[in-house]
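Each remark here refers to the structure printed beneath this line.
As written, the chains take the letters A, B, C and D, and residue 1 is the first residue of each chain.
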Amino acid sequence: MTVLNFDGIIPPIPTPFKDGRLACDHLAANVERWCQSEIVGLLALGSNGEYVYLSPEEKLKLVATVASAAPGDRTILAGTGCESTGETIRLTRACADRGAHVALVVTPCYYGGQMVPDVLIRHYETLADQSPIPILLYNVEKFTHVNLDPPIVARLSRHQNIIGIKDSSGNVAQLGAYLNQVEAGFKVLVGTASALYPALALGCDGGILALANVAPHACVAIHRLVRRGDHEAARQLQLTFLALNQAVTARYGVPGLKAALEMVGYYGGEPRPPLLPLAAADCRILYRIMADAGLELEVPA
Amino acid sequence: MTVLNFDGIIPPIPTPFKDGRLACDHLAANVERWCQSEIVGLLALGSNGEYVYLSPEEKLKLVATVASAAPGDRTILAGTGCESTGETIRLTRACADRGAHVALVVTPCYYGGQMVPDVLIRHYETLADQSPIPILLYNVEKFTHVNLDPPIVARLSRHQNIIGIKDSSGNVAQLGAYLNQVEAGFKVLVGTASALYPALALGCDGGILALANVAPHACVAIHRLVRRGDHEAARQLQLTFLALNQAVTARYGVPGLKAALEMVGYYGGEPRPPLLPLAAADCRILYRIMADAGLELEVPA
Amino acid sequence: MTVLNFDGIIPPIPTPFKDGRLACDHLAANVERWCQSEIVGLLALGSNGEYVYLSPEEKLKLVATVASAAPGDRTILAGTGCESTGETIRLTRACADRGAHVALVVTPCYYGGQMVPDVLIRHYETLADQSPIPILLYNVEKFTHVNLDPPIVARLSRHQNIIGIKDSSGNVAQLGAYLNQVEAGFKVLVGTASALYPALALGCDGGILALANVAPHACVAIHRLVRRGDHEAARQLQLTFLALNQAVTARYGVPGLKAALEMVGYYGGEPRPPLLPLAAADCRILYRIMADAGLELEVPA
Amino acid sequence: MTVLNFDGIIPPIPTPFKDGRLACDHLAANVERWCQSEIVGLLALGSNGEYVYLSPEEKLKLVATVASAAPGDRTILAGTGCESTGETIRLTRACADRGAHVALVVTPCYYGGQMVPDVLIRHYETLADQSPIPILLYNVEKFTHVNLDPPIVARLSRHQNIIGIKDSSGNVAQLGAYLNQVEAGFKVLVGTASALYPALALGCDGGILALANVAPHACVAIHRLVRRGDHEAARQLQLTFLALNQAVTARYGVPGLKAALEMVGYYGGEPRPPLLPLAAADCRILYRIMADAGLELEVPA
């Protein structure tokens, strides 16, 4: 049985397409290369994985590919959140069958005004009761426009099959409130590299970070430096990667992340429509930011 | 061949469930009753239809049921918007096969920051090129947090297979800008009864309105009064139904709409989880609001 | 004694500066010209009057100038809202002394999270108790980020010295809710020309409109057409002026409004820093919009 | 000549009123007591000082009182930001005359849509050119709804009379971007205790914190622990005070801060209307939060 490990860095991996279809060979090759770094796991079907553009069949194939390509000591997470509770349960079970160790479950969000605490709590508790694998909450207000307030998370942390949260807000006050209020052992993971060092310094366990796809070694290094108590070095590395993280998340999104992967020698490929590939002018800006961060680039400017 | 008719009122019908499953018999009965009023069409799979909680199979079954239950002179619309362009095309074609005359296509929205004009325009134009039925744009920032600005709509109105827009903002300045900028013949439909009379007075063609499920006659009457030039009567009717509309949309959402349907003798049933049925205390408030609006209620308080 | 008249159009006049100082001569000349149209009053010290950039002394001088330059049959309003209740009372009294007939009082807003209903109600009731002139509420969330919800306005409408509201949201659902809930005789005025015709059709009394500075005749015409029942002509005029209104409010703000005034032969002058005068390129765009709306322009392109 | 010191903690002091008037004796007593802790300075006329409720005369009297009550080794800051550039210059000069060493200048904000980079840059540069004392930028989007983006701050940091920024967002990514982009020596101060430890760990110089009014020793301790490299102790102290900070800022605002001051033996008094004193039930909750944070409370529950 796999020992789950959240004490470190996990990349939320992009989904590679070729001619519009899942490119599982490229995916496997990417996974093998990511796993040469000391990341503790991989997240398939996260926001960076364009999960909203995948069919249920594609999702399962993708999870199976990642699970078989990764070494056995890495924790495999799958994003299984759907709008309905029932569909989320079904997808969670199916992903567990394909080898996912943990389900990352985004807040339902379409009817935002109705997503009051009672609704969210019942959604997650019903799911956790029926899931064969542990649940990790996923709070990403940037995309969902719903926030999991600390009292909700505190309540859910009491369920033994809900083991943690990925919070992508970058809001250290909220991360601190989670840390103060959740049950012992509940994992608090930061979901954006823009707050990685501050979040770890505050007591978060690890991070699930878009940047970790492009710069896994640097992200792992920040985590280790904090664990070792070398805050000054962690701080400097954090500041070095801020601009790049901003580029591959807020500014350029998934198209930027895929372009950046190509620059460091991974397969990136194009995003699915309606997303457009990164424009050439933006590629040049991104290349400069990558170089400024000190990454070794395999593609000429 | 069906003549499409948007010069009037269209209810975006709720999806009835029984024991968690589609209740097609109740759906057909509801459709027959709605069609006793002079609505010009019905929308299946809108936001009020909990489309985000339905599987692709359920969606098609639902469209087929509505298409066969409705008289031949009513326009059948189906909500076919998905996050990806490809999936939207597939669902649109399949719904057309099941009898939908028009596809209502919500803006993709998950990667909100990436939904820039070029992305939205390519999404809709690609779809419209490949759709066997006409496209109606669907702008509902309340749920999507994306807005179709007038210049985007003006551009899309030039595509011959994009025939109109449902705008649920209730923003009369935006409706006016659409009216000013779109091609002749492009339909502008208001998507909330809270602005029905003002929107029609301003020149909109018709409305697709949650309230029309509960009070179809009143909504049709407002439309007719405006067409006939009786603005004073239309105005009074508009004000009479404001509070009820607010209750079955913003305040109580789909759970409120389903409860309201029960009160006027339709089958409502429960929403799908994570949505919770309307709480008893809220039911009593809603009942009072219904009574105050002058509706004949079939259920005792 | 002046009979207050809100059944019509009121321009919220800009404050003219010359060499950084109040230009009272230009102000008086502008007032005289505005009053050649059939506006029912003038508002000094509104948002379009840069009231936040004026000292208390300048405010009083400005009110006195307007009051003496306007014919006796026009209602003179002065914006007297300050953050503190006490200062608002003092300024209201002083403006009354200078000839203001009515005080328009914006919601306090700096501590937005604290501006709960009880706080707002006490603020306005305390003021109304002590003001020698009637109070008109001023709701302008665009600038204040505070909204006067209909129940608050309904409550305040019961105070005999609070006689109405200017609501600049352009939200016809909210205007309708006000109309439904306020005491008889309480005036509901729309605060943006973007919603003028729809708001009047819905039952609003009149409008206080930035556009009325530049195009008073058109605004007055829309009001008259609605009163006369000629909705089609009102509707067309409304649509004709939408783009211009958008330009002199949302897009270009006070600098745009002042530039537009110059184009139609009024004194505009420059705004106070930090506002910058409208850039030359924007002036050209504005000029075209003005011409498209059919205004007679006194300045060559 | 005073040596400015921002390498530490500065409380943004509340303004004490008695019977509605400035209570300078209480203010002086409070200042003396705050200065028994090792705070490096005091800020008069900040948001916590209800500066928007004070007349210009009161502001000057308040600054003079603080300047004379504080020991000579503390940096005296005065909030001098007004909406207009001219009035800000006048108030800054007058506060400098009364003993302020530094002016903290909030972004103008009423015409939010017009507060584009060029406008903000010209505002601050004009002020800095004419101010006899150095300028500290004040970014507090919670109240102003305007944000000073990093490129604006980077540009302004090149002006020799603009020496730093207080950023109250609590957004560590933005603080990091400031640190990366500003000129050497430019001070970056965190404006909320909710992010104090993370901000200092990231490289900020100090903090101007509402919490420092109530718990100056704890805030100073966090700063020292970070400087000394004892991150674990700093982290724990940070988490201990999170709930209290949330109470005296976001949840209860100035009324809560004043009530909290009373509980620890300072003079608090009532806020100015329209703010209402903290309700009794909320006082009890606050008392419990204060006790939980381990503060010595002078008032029985």
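We adopt the following convention: a contact is a pair of C-beta atoms (placed from the backbone, for glycine too) under 8 Å apart; a residue touches a chain by one contact, two chains touch by 3 or more.
This is a predicted model, so every value here is computed, not measured.
> Can you name the chains that touch chain C as well as chain D?
none
> Which chain has its C-alpha centroid at the greatest distance from the C-alpha centroid of chain A?
The most distant chain relative to chain A turns out to be C.
> Calculate how many whole Å lie between the centre of chain B and the centre of chain C, each centre taken as the average of the chain's C-alpha atoms.
36
> Can you compute the centre-to-centre distance for chain A and chain C, using the mean CA position of each chain? Integer Å is fine.
Centres of chain A and chain C (C-alpha means) sit 50 Å apart.
> Do you know which chain A residues sit against two or more other chains?
none
> If you connect every pair of chains that touch, what shape comes out? Choose line, ring, star, complete or other.
Topology of the interface graph: a ring, with each chain touching two neighbours.
> Go through the chains and record each pair that touches.
A-B, A-D, B-C, C-D
> If you look only at chain C, which of its residues touch chain B in the complex?
Counting only chain C, the residues touching chain B are 170-173, 176-177, 179-180, 192, 194-195, 197-199, 201-203, 229, 231, 235, 238-239, 242-243, 246.
> Chain B touches which residues of chain A in the complex?
Its residues touching chain B are 20, 47, 52-53, 55, 83-87, 108, 110-115, 118-120, 122-123, 126, 142-143, 145, 250, 253-255, 272-276.
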